[in-house]
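Notes for the one structure printed next.
Naming follows writing order (A, B, C and D), and every chain is counted from residue 1.
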Amino acid sequence: MPTTVLNMSRPLGHSELLQRYVQIRDFSRRLAAPLTPEDCGIQSMADASPTRWHLAHTTWFFETFVLKSSAGYRPLDARYEAMFNSYYNTVGQQFPRERRGQISRPGLTETLDYRAYVDRCMMDCFSAEAFSESQLACIELGLNHEQQHQELILTDIKHVLFGNPLFPAYGLPADENTATRCGDDVLRPLDWSSSAGGIVDIGWDRIDGFAFDNESPRHQALIPPFRIATRCVTNGEYMEFIDDSGYQRSEFWLSMGWNQVQLAGWEGPLYWIRQDGQWLQFTLAGLLPLDPAEPVCHVSYFEADAFARWAGKRLPTEFEWESEAVKSLQANPLIRGSPVRFADQILACQNTLHPQVERVGDSPTMLGNVWQWTSSQYGAYPGYQAAAGALGEYNGKFMCNQFVLRGGSCATSSSHIRAAYRNFFPPEARWQFSGLRLAW
Amino acid sequence: MPTTVLNMSRPLGHSELLQRYVQIRDFSRRLAAPLTPEDCGIQSMADASPTRWHLAHTTWFFETFVLKSSAGYRPLDARYEAMFNSYYNTVGQQFPRERRGQISRPGLTETLDYRAYVDRCMMDCFSAEAFSESQLACIELGLNHEQQHQELILTDIKHVLFGNPLFPAYGLPADENTATRCGDDVLRPLDWSSSAGGIVDIGWDRIDGFAFDNESPRHQALIPPFRIATRCVTNGEYMEFIDDSGYQRSEFWLSMGWNQVQLAGWEGPLYWIRQDGQWLQFTLAGLLPLDPAEPVCHVSYFEADAFARWAGKRLPTEFEWESEAVKSLQANPLIRGSPVRFADQILACQNTLHPQVERVGDSPTMLGNVWQWTSSQYGAYPGYQAAAGALGEYNGKFMCNQFVLRGGSCATSSSHIRAAYRNFFPPEARWQFSGLRLAW
Amino acid sequence: MPTTVLNMSRPLGHSELLQRYVQIRDFSRRLAAPLTPEDCGIQSMADASPTRWHLAHTTWFFETFVLKSSAGYRPLDARYEAMFNSYYNTVGQQFPRERRGQISRPGLTETLDYRAYVDRCMMDCFSAEAFSESQLACIELGLNHEQQHQELILTDIKHVLFGNPLFPAYGLPADENTATRCGDDVLRPLDWSSSAGGIVDIGWDRIDGFAFDNESPRHQALIPPFRIATRCVTNGEYMEFIDDSGYQRSEFWLSMGWNQVQLAGWEGPLYWIRQDGQWLQFTLAGLLPLDPAEPVCHVSYFEADAFARWAGKRLPTEFEWESEAVKSLQANPLIRGSPVRFADQILACQNTLHPQVERVGDSPTMLGNVWQWTSSQYGAYPGYQAAAGALGEYNGKFMCNQFVLRGGSCATSSSHIRAAYRNFFPPEARWQFSGLRLAW
Amino acid sequence: MPTTVLNMSRPLGHSELLQRYVQIRDFSRRLAAPLTPEDCGIQSMADASPTRWHLAHTTWFFETFVLKSSAGYRPLDARYEAMFNSYYNTVGQQFPRERRGQISRPGLTETLDYRAYVDRCMMDCFSAEAFSESQLACIELGLNHEQQHQELILTDIKHVLFGNPLFPAYGLPADENTATRCGDDVLRPLDWSSSAGGIVDIGWDRIDGFAFDNESPRHQALIPPFRIATRCVTNGEYMEFIDDSGYQRSEFWLSMGWNQVQLAGWEGPLYWIRQDGQWLQFTLAGLLPLDPAEPVCHVSYFEADAFARWAGKRLPTEFEWESEAVKSLQANPLIRGSPVRFADQILACQNTLHPQVERVGDSPTMLGNVWQWTSSQYGAYPGYQAAAGALGEYNGKFMCNQFVLRGGSCATSSSHIRAAYRNFFPPEARWQFSGLRLAW
């Protein structure tokens, strides 16, 4: 396993990784805890996966890329290799993606047993300090991989529950997980930060911690002067776009976006429901009135781009976004150390599972509330090399017909958020916690 | 509720119906018992439904057509009316059929609670002898409706389990539910029964018990002389057709059938798997070697028709089939009473959940092993009238692009089998326990 | 070539056939004459074919089934064998049906050259009286085949021209080909003819002339007493169904029909256009006001069946229809000779290319105006045997998911109309000249 | 009409434009001359259009954007406005793109009449020097628009003719339009040009002539040092990729590309046919043996990218490509004047309608042979603004899910080729004359 994949400046040792392994693996289990066995089996569309599949696939990752190279490892069930392979052609056959919700066995209990079996084997190796450097690197990748799937567990189950006419909530009691509603008076007014542009450093800084290969190599880019908003677009602002016939006027839309609007009959963001002249919003806490002060969320690139054009502005490029995010993090008095890494202590909205109002008086940060579409199509940085072997399939083979999102969301673990992080989705996708920030 | 739907000669009273109600409702629960909550939620194709949906929909039937006309009935959840409506436009909205596997709530436990709630309300009315004549008739229809769905629970879950690369068995231990394998020497040789034809009586005889509206009116039909096989086509005979390139020679096939073979890549009946040059068959007891003596099963009309043409024979019409079945039942010394009703005591294969070899020395009967495709397209008998209202949607609106099957199968309850019974499926369907009997 | 296909009682000789050959072949050319080369190339849907393809395929028929068995015949272009094979698997490869409109060569001129080439070869053989009995039989089949395609040329080009926003007319000047409009006072009032039913003879009578194999064997059928309308349903009557929300009320429709109405957004027959509150109808003479007295035309089986249910009546079976048609022909003073063959002299509407009003005082005949949907699904008569070889694919392989239409239309050549003739189309098809006649 | 769309440095006057108008309009007519009326009507796939549509739409452009704003203009047929509108939502309704091949009227003759009518009106205005500045700018845009469609006429008809089993040639005699075949000894060996990178100027230089809005604004970009091939990849080199199982090894492909290969069953470039172990290639001169020395053509982005990865190289970015192209043009002794404009005199292959072998001793130029895929996804240059109104729909609304191609092809008019020109197509498109040049 080439370490280029893992971009480790200082690889973590057994004990440090063990601690993270236990925490992160346990968090997946906790995410599934409020769900019934039936909930965990549903695949609501081809792009999403059942919770149970996420629990098994993340386990498969450690089994396939770590344990199978350990002496004496015996798989719990050899047939899981193909069943829980997502897209690694190098590993071999894959159960068809669109049929992940069509198999009932292994059930939830057996899937948790599978997790426990693999965890036990991992623990034994951790205890014996038996992992090679390369295996340790793979474990760190596997933990970051699992954190990605933890966010997908939440976005996918939200889509599942929304498809049910009963509109059930994701199991937590409302008072714990609901965003507190607040009036427009607490909303931070829209302001613009100016940047002189010039040559900036982009990508993972090799100073601290893990990054995915697509954040490398760090390189220089030339950007013109620009202005970028100090907060995201809100539901209230987005309603003005709707009320101004935004979804009926082709002049704001990319050609493919306009087709999509017609085809899918879009009239507002995903999870917005108009009832008796009022907008409601489906959330992980159930169906709630729409708060105009909250950042707009669950919009596609097409909608983000059309809104920006309607507003006489544009979306930032990912380089503009990153240079500004680094600047804002460095200016934040609460942040010590890494200039591009997101600090836990400012993660106000984390674990609310819903975007938070950006309030007057908050230290402005661009991270951790909603993913923000950029105008950048997802491609390789200059000099990018995918790793050899299966893990080379992790990021590089998706560099086509996707747009970059930046910032992390209320459903992203705080330790998984950083300024250099590049998320990517097709322009029509909107079941992620995706919003936008304007630039000009 | 017009009694024409129910075709009752002597409507059953409260006590007799109560006994049947308890038995039949309980049998649905028992059918689901070997399954996990995850099993019960899967919809493997648009034509099939999840077990949980069958459990809920059959309950909805009593709630909608019986209890809602009872004074003081309050639904457990008013939203179930649309969620579990299958196709009754007259009742109102329906949750989209192809999305039945996409909702996780109500889960299995809540669904069984829904059953218990409705059963309790039914029991109260039974105790009070509170049902009207028309309600009693609807209850008898509902029980026959539930028996139809009991067979579908089995055919649909078989399809679900087959779609899983683990090929899991439906929960019963193999020694209870597996057909005993036997050699070719016990197979009854193929023989032909001759009929002189002429004018025959077709349809429900109004002498005894329940029939669906599509079995009426009883009427006369003129049939030419014919010969019909005394047993069904076997796996071994069907393998000869395959070995003679039956699936590669267009001359045996209807045009639409030939297209289907190409499109779907059919090379043998559903559930047949060729492994290392050997045919295996997926059954409710798991993956087993194919027994050449058993009746061939899970073939489409297209395959049945092509086989018959290859064999130089044809499929019987439904009138030929029925006249012969009545004759064979009347000749059976074990049968007393109704000439067209299937007697429990000869139901050797019942509850094996797998077709039985038709053995030397068995009293030949045409019923209760595999459904048999006829050459008759499903239509109305002369003078047929669908009932007014929602229950008029039960049978009549499907009289298009379907073929009639006769005989009942190893998955049909014996009390639900009769000579006049008309089952119907599109010509490409093959997930039912469907085989064939030759004629000429 | 087995004569069973051709059902010839008295096979025609060289000279008689030659005369028909010249007439019928020339009529195809005349049908194409008003069209441009561009018109002749369009395929407006997979079910229809370009005019040029019809001209080539009917020629291919004689080349393939007659000339190729003649000594010394050399095809004009060997590649045409596959290009113009419609569906004869026994002959070999076929150019994909849905791509018939995607090839521009051979163009119209070359296609007419191909016709001339084959006609010359045929003439040579006719002159030499060189055809065998079997070839003569094939020629007669080929001429009837060409007459079928002549009707398709008209129905298919009507569909092509309708798809053009310019709504062009099929080349004839309006005063020649337009049906004369007339008031309701000339419309024959709806009346019912009663039949006592009983055992009737059905199918080709072997007395006179050609019939297709699917009209045989002549056999007896038992029909109950019935009443059948003395004229077809009119546009005016059909408008009442529309105005009574016929297309919005599911209770009148077969389940598949109701789905089709939703899916395709049907609100009236094909070619009806509502403009400024008025119904117009696209005809081969262009867009014209709808005449309420004309027979309704271009309805599907689904619509015919739904209309009948709305009217409290039903469609006749094909046996009822045929027995009544024979009776009406026999009663007609203008008809001499064959009891089941349609006489040219009563063919008032022929070559108008539009259905005619059934007027007071006309001798009632059931033939030659619009095809009439029956409630009979298309299947084999008892004892039906398809021929061996390619011509056995002519009719038998389509006996599935189609309904029988009877009577011939204003676009059918009069010499191709007879009471025993069985046309068949899927229940959703409506680009044929198809209407309905009620029964009860 | 805002002049920003047209990017005119020095707008052309009436007389200069008139001359170009006559030449370019006439060239469209000449391109259609070898085709039959039937050829001109075919649409072989939704992405392509019939020749006749191209002839009409380019005419519509002048009518809509120039003549309709001229006093007293009367359209030949007002219905053409919607019929020949391609995608301008601002103009109004559009005839459905995928149905362009389904209308036969106006036919070829009437379409040429339409062209003549509009040309006459244009001539009148030219003679009267009646066009405004803004109209003159639109005319220049319209002429460049027509040149784009002239290339599409060729690429689209090539696809049409290839779909015909007769493989007809586009009408020219072979000796005029066929590339001369030549041996490998004349092929220029693969060599690499090195660039130091740094800050380069990108985009239209405002010095000379027309450019599309998407080539503006001219701006600076920072590029790292790179090497780029001095000629394109050849058929011979591409065959090595195929022989090395390039189409069977997922590791070379983008994920979407790999899916496409499976789905479409690709085994080589479009128009390559393997016959008896030999590769043939369909060209506008018919089916010819494949010349290994010619540039590979008709590959998709997916294939270009996979080939590059197999070769251990990559595709250039569009900025690398442009900076190198400008350098090569400036170094070319034959070129005088504009640094980014392609000179007619070096256009060796022009009008051959087939890519030319890049020969030893030729002055290397990167332009005018095959379009070359770059790794750049098509997006806006910094500060890009689409024009207001309908012409703003020209380029900007397609900036999504497309990749940039550079260089112009053997089917591009020489006056339409320049270094700054940005062509764009989806990554799966391959019916354009598209090849590739390696970089690293």
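By definition in this document, contacts are C-beta pairs under 8 Å (C-beta built on N, C-alpha and C of every residue); 3 or more make two chains touch, one makes a residue touch a chain.
Computed from a predicted model, the values in this text were never measured in an experiment.
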Mean-CA-position distance for chain D and chain C (Å): 48
Computed distance of Cα centres, chain C from chain A, in Å: 61
Distance from the mean Cα position of chain D to that of chain A, given in whole angstrom: 39
Junction residues of chain B - those touching two or more other chains: none
Contact graph of the chains (line, ring, star, complete, other): ring
Pairs of chains in contact (touch as defined earlier), listed by label: A-B, A-D, B-C, C-D
Chain D residues touching chain A - in the complex, by the definition given at the top: 87, 89-90, 199, 219-224, 250-251, 253-258, 301, 375-377, 379-380, 382-383, 392-393, 397-401, 427
Of all residues in chain C, those that touch chain D in their complex: 36-44, 52, 79, 82-83, 95, 99, 101-108, 160-161, 163-166, 168
